[in-house]
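Both of the next two complexes hold chain A, though its partner changes from chain B to chain C.
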Partner chain A sequence: MALHEQTLTELKAGLDRGDFTAVDITQALLDRIAAHGKDLNAFITVMGETALANAGQADKARAADQGGVLNGLPIVHKDIFCLRDVLTTCGSRMLKDFVSPYDATVVERLAGAGAVVLGKTNMDEFAMGSSNETSFFGPVKNPWGLEYSPGGSSGGSAASVAARLSPAATGTDTGGSIRQPAALTNTVGFKPTYGRVSRYGMVAFASSLDQAGVITRSAEDAALLLGVMAGFDERDSTSIDHPVPDYVAGLGESLDGLRVGVVRQHFDAGLDEATGKAVRDALAVLEARGATLTEVDLPNLDYCVPTYYVVAPAECSSNMSRFDGVRFGHRAEDPKDLLDLYCRSRGEGFGAEVKRRIMTGTYVLSAGYYDAYYLQAQKVRQLISEDFKKAFEKVDVIAGPTTPTPAFKLGAKTDDPITMYLNDIYTIGANLAGLPAMSTPCGMVNDFPVGLHLVGPHWAEASLLRTAHQYQTQTDWHTRCPEAYR
Partner chain B sequence: MSADWEVVIGLEIHTQLATQSKIFSGASTAYGAEPNTQACLVDLAYPGVLPVLNKEVIRMAAMFGIAVNATISPRSIFARKNYFYPDLPKGYQISQYELPIVEHGELFIKDAGGNDKRIGITRAHLEEDAGKSIHEGLDRSSGIDLNRAGTPLLEIVSEPDLRSAREAIAYMRKIHTIVRYLGISDGNMQEGSFRCDANVSVRPVGQKELGTRSELKNLNSFRFIEKAINFEIERQIDIIEDGGKVAQETRLYDSDKDETRPMRSKEEANDYRYFPDPDLLPVEISAAFVDAVRKTLPELPDAKQQRFEAEHGLKADDAGILTASRALADYFESAASASDAQAQTVANWVIGDLSGALNKDGLDIEASRISAADLAGLVNRINDNTISGKIAKEVFEAMWAGGGTADAVIESRGLKQITDEAAIEAVVDKVIAANPQQVADYKGGKDKLIGFFVGQVMKETQGKANPGQVNKMLKGKLSS
Partner chain C sequence: MSLDKDQVQHIAMLARLRLADDEFAETQDKLSRIVDFVDQLSAAPTDAVVPMAHPLNQAQRLRPDQVTEANERERMQKNAPAVADGLYLVPKVLE
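Presenting the complex of A and B:
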């Protein structure tokens, strides 16, 4: 099997056997990135030289019987993670020349385990978007059809894994930004419990919702990476000191007795029929593996999107304030005074979607509107959390569609932000409630992939990964690759 | 001020907490470093960085709360105060808004009649300081120094219970004394560690509702606060008496012109869009923690003053002066315990000559050139009649100038008082013999001449004779 065809777990085994070296892997994937990266527009920065140097180091370490659990294994980072001495653009003109002076905790931990970073992936500007079209660097293309969107905001990460340019990528998920692109590109997308993975060094969009995760080709690979990334970080006050289990070790356990919840509201009118069928077929597979299916209610599901679009912009409007043209980032030429410096630096540096959210957020926090919008949204957020809590009294995992439809064409929804926002209707709840959730490939509709969405109670990462892994032992959807990238 | 008007003042005091590192980062808080050398990535608000609370500030705020008999909130919340300014790197200040850490406190000051007056403390909340904008010496541009950005502040807000500039100063001094007693702030006003905003309004005596207030910003010396408030009171009364209305506005005090003037209105038309900071968890404080902090509280100024009066028999005023600073009180107590003399005598020396010398050299008590033990040694030599009070002044000067202990100075300069009866008698006899006219006059009824004779004897002995002894002996000889 060619190197690019192998999963992280397979590459790890090959390295252990000495079938090939980390430099071999790195070179092979850099060649693939050179061949396909431009068409897909998946990368903002390719780190060829440092990647090869680090791979060389990894090979030396392995020769000396040293190196961490990911020693020599390739990965790409969403360009929202700070990486020392490397461009960290967040897909924005504001940071197009910003070189980070430090490493994010996620970056540091993966590097510490020996992972080799190939490059940094394209994304919606500051992670605000569901189609990767808000990037200053242009949209990422979906490997399943270049005129289609790969989803967003972690579109570059998803596309690069789907097209076999890298076996794994980091991503961030504020309302579905890992899971939705994973679903639309036939990859596995995992978002952990809020507080499971440190946010330090991950440029903030909406602090109470943002969580780092991974995009891979298998649940097994996600488990391998999560074990390295997860854990308390004293530099992030919202990271939680909770034991990190061996996620890989738990994958083999059977699904006997697993109670899977099916949300009544998930199969309402908004869901594409063929997508719904693929998801139902997947549920049947889980049942056949020993799980029991139970219907559950999420009565406030319809309020997820409006609640999210109050809370997220509110936090965003404040988080974006540091980009003022004073210390780093884009600065307008020849400002005539301070106000001009602010207005033009921000006016020129931010794109339309970021501006829309800053304005929405500023509005909902303003005197006279705070109670009606922000406070009200926080109350509804509480209700949504309680809905999940009630549901998880009856079931261990909730399963359903990740997105209402398969991939849509680039430009199809750009003029209609509301329709675009509704793309995240099934994923947003997990962010509002801080729950772990993932998407795994579960079918094809008109040659475009469909994702199965799994949500668990807090800290149920292991049971989600096990469910997905057991599903993957019975199906081959997750192994499918677009013809052009085999 | 006209007697028809009542003044209403509330103070917001910003006191810098004496932590080693900043409230949300590990950068140093030391004052006076080169610009931007004490600002880390968190202070600079780089993309992706996060605040982590310095737990020391919680302990310090709790100490303050306990000291002013306040409620320590079991749960308090940090909020973001959003506004743009170049010395505010994040574009928001992390502060406390709806749930502050300290609420419902009080302290007592003396009113004009010398009676205790209660001043309510609405709240005290934690927040970070901003950096500094520097405009001087730069051509058509401004500099930003972020060393101060993220320095922890405790903002102490009083009820509008103060009725004059004098009361405002008394309250502020009391807070100043308390925070320094607690060791939670150095209270250095020149460096901006202790500054205040004053809300001032006036209303006709007897009127219930408050008048329109103005907020005086950034007052950083007791003298300026008094002047600014008094100026503002006069200004407001003049406006109202002329039929005008006081505008609610923020005003700056100009110490050069001794006047207040409005800040540009643009700077106060802010909607700060406060909301809970999602990067920080609520601060949970247990009763056990508060109890543990309570046990570490030092004796506070009021209690110490009362004890000085009761235990050392000091006059109330003197006890007040000595307890105004913990270091001064400690100095006094340590000198008093090392001295055989009455504590009041020691107090007189500390308040008198010692404080005078410190003032003259611009020194704090901690830097006194005479230790408490050495001052006690000096007082002891007066007490045991080794030297007179007058000679003691000379000894003190010499000690201050580095001459060593009182004993060393007395020894080296031969200042030991003459108490030997025979030696004094010889001089007394000599003086009597040399002044027959004065002797005759004294005997003729001019009692006041006794001073002349004492003076002559002291002159002969270079001040070393014991004045009491001389007096007694002269009276005896001249009346025989």
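Presenting the complex of A and C:
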């Protein structure tokens, strides 16, 4: 099997056997990125030289029987993660020349385990978007059809894994930004429990919702990476000190007795019919593996998207206030006074969607509107969280569709922000409640992939990964690759 | 349009954002649609519900007030648009 066709787990075994070196893998993937990266617009920075140097170091370490669990394995980072001395743009004009002075904890941990970073991937500006069209660097294309969106905001990460330019990528998920692009590109997307993975060095969008995760080609690879990334970090004040189990070791356990919840409202009119059928077939596979299906109710599901579009913009407007044209980032030419410097630097540096979210947040937090919007949204958020709590008294995992439809065309949803926002109707609840969730490939509709969405109670990462892994032993959807990228 | 021109201008000023003339109409239209959309939250039954500020309902962790980072002023200021003698430059604030 060619190097680019192999998963992380397969590459790891090959490296252990001495079939090839880390330099071989790195060179093969850099060649793929050179051949396909531009068409897909998946990368903002390619780190060829440092990648080869780091791969060489990994090979030396291996020869000396040293090196971590990811020694010599390739990865790409969403351009929201700070990498020391490397451009970190967040897909924005505001940061187009920003060279990070330090490493994010996620970056540091993966590098510490020996992973080799190939480059940094394109994304919606400051992770605000569901189609990758808000990037200052232009939209990423979906490898399953170049006129289609790969989803967002981690679209470059998803497209590069789907097109076999890298076996794995990091991503971030505030309302579905890992899981939705994973579903639309036939990859595995994993968002851990809030506080599970450090947010230090990850440019903040909405601090009570943001969580780092991974996009891979198998649940096994997601488990491998999560084991390295997860764990308490002193430098992130929202990091939670909770033991990290061996995620890979638990994958083989059977699904006997696993209680899977099916949410009635997930299969309402908003769901594309063929997508719904693919998801129902997937549920039948879980049942055949020993799981029991139970209907559960999330009565406040319809409030998820409006709640999110109050809470997330409110937090965004606070976080984005750090961009002032003074300490870093874009600065307007010839400001006439300090106010002019702030207003023009921000007006020029941010794109339209980011400005809208900052303004929405400013509005819902402003005097006279705070109680009606922000406080009310925080209360509804509590109701949504309680719905999940009640559901998880009856079931271990909730399963359903990741997105209402397969991939949509670039430009199809840019006129109406609400149509775009409703894409995330099934994924947003997990962020509001801080729950772990993932998407795994479960079918094709008109040659475009469909994702199965799994949500668990807090800290149930292992049972989600096991459910997805057991599903993947029975199906081959996750192994499918668009013809042009085989 | 649920937000009039003056309101949008006021919000933009609060947010310290200068909107170009050609983006104003679209911003007003889309912001209004977003506000209309989130207005449906007012119908949710939230009497006696405690607002949720943290997804795991946890309190903010505190740490001892100790210096943990080295001073790397030059390194940090490499990203600054305008500095002199280790200071950040801004337009004159006081005459």
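Throughout what follows, the second predicted complex is superposed on the first by the 486 of 486 C-alpha atoms of A that agree within 3 Å, B and C clash if a C-alpha of one lies under 4 Å from a C-alpha of the other, contacts with A are read in each partner's own complex, and residues count from 1 in each chain.
Note that a residue touches a chain if its C-beta (ideal position, glycine included) is under 8 Å from a C-beta of that chain, and two chains touch if they have at least 3 such contacts.
Since the structure is predicted, the reported quantities are computational estimates derived from the model, not experimental observations.
Once the two complexes are overlaid on the shared chain, A:P101 sits against chain B and chain C alike. After overlaying the two complexes on the shared chain, residue contacts for A:R327 are found with chain B and with chain C alike.
In the superposition on chain A, A:E234 makes contact with both chain B and chain C. Shared-chain residue A:P181: touches no atom of chain B or chain C.
By the touch criterion stated above, A:R344 is placed in contact with chain C alone, chain B being left untouched. Of the two partner chains placed by superposition, A:P143 touches none, neither chain B nor chain C. In the superposed model, A:S208 makes contact with both chain B and chain C.
Shared-chain residue A:G429: touches no atom of chain B or chain C. After superposition on the shared chain, chain A has more residues touched by C, the comparison being chain B against chain C.
By the touch criterion defined above, A:L383 reaches chain C but does not reach chain B. Chain A residues in contact with chain B (one complex) as well as with chain C (other complex) are 98, 101, 208, 234, 237-238, 317, 321, 324, 326-328, 338, 342, 362, 366. Listing the residues of chain C that touch chain A in their complex gives 3, 8, 11-20, 23, 26-27, 30-31, 33-35, 37-38, 40-42, 44-46, 49-56, 58, 60-61, 63, 72, 75-76, 78-82, 88, 90-93. In the complex of the two chains, the chain A residues touching chain B come out as 81-82, 88, 90, 95, 98, 100-102, 104, 199-204, 206-208, 234-238, 314-315, 317-318, 320-324, 326-328, 338, 342, 362, 365-367, 370, 374. Across the interface of their complex, chain A is touched by residues 41, 44-53, 80, 82, 84, 86, 89-92, 144, 271, 273-275, 278-281 of chain B.
The part of chain A that touches chain C in the complex is made up of residues 97-99, 101, 193-195, 208-209, 234, 237-238, 240, 300, 303, 305-307, 309-310, 317, 321, 324-331, 335-344, 346-348, 350, 352, 355-356, 358-360, 362-364, 366, 372-373, 375-383, 385, 416-418, 421, 431-434, 458.
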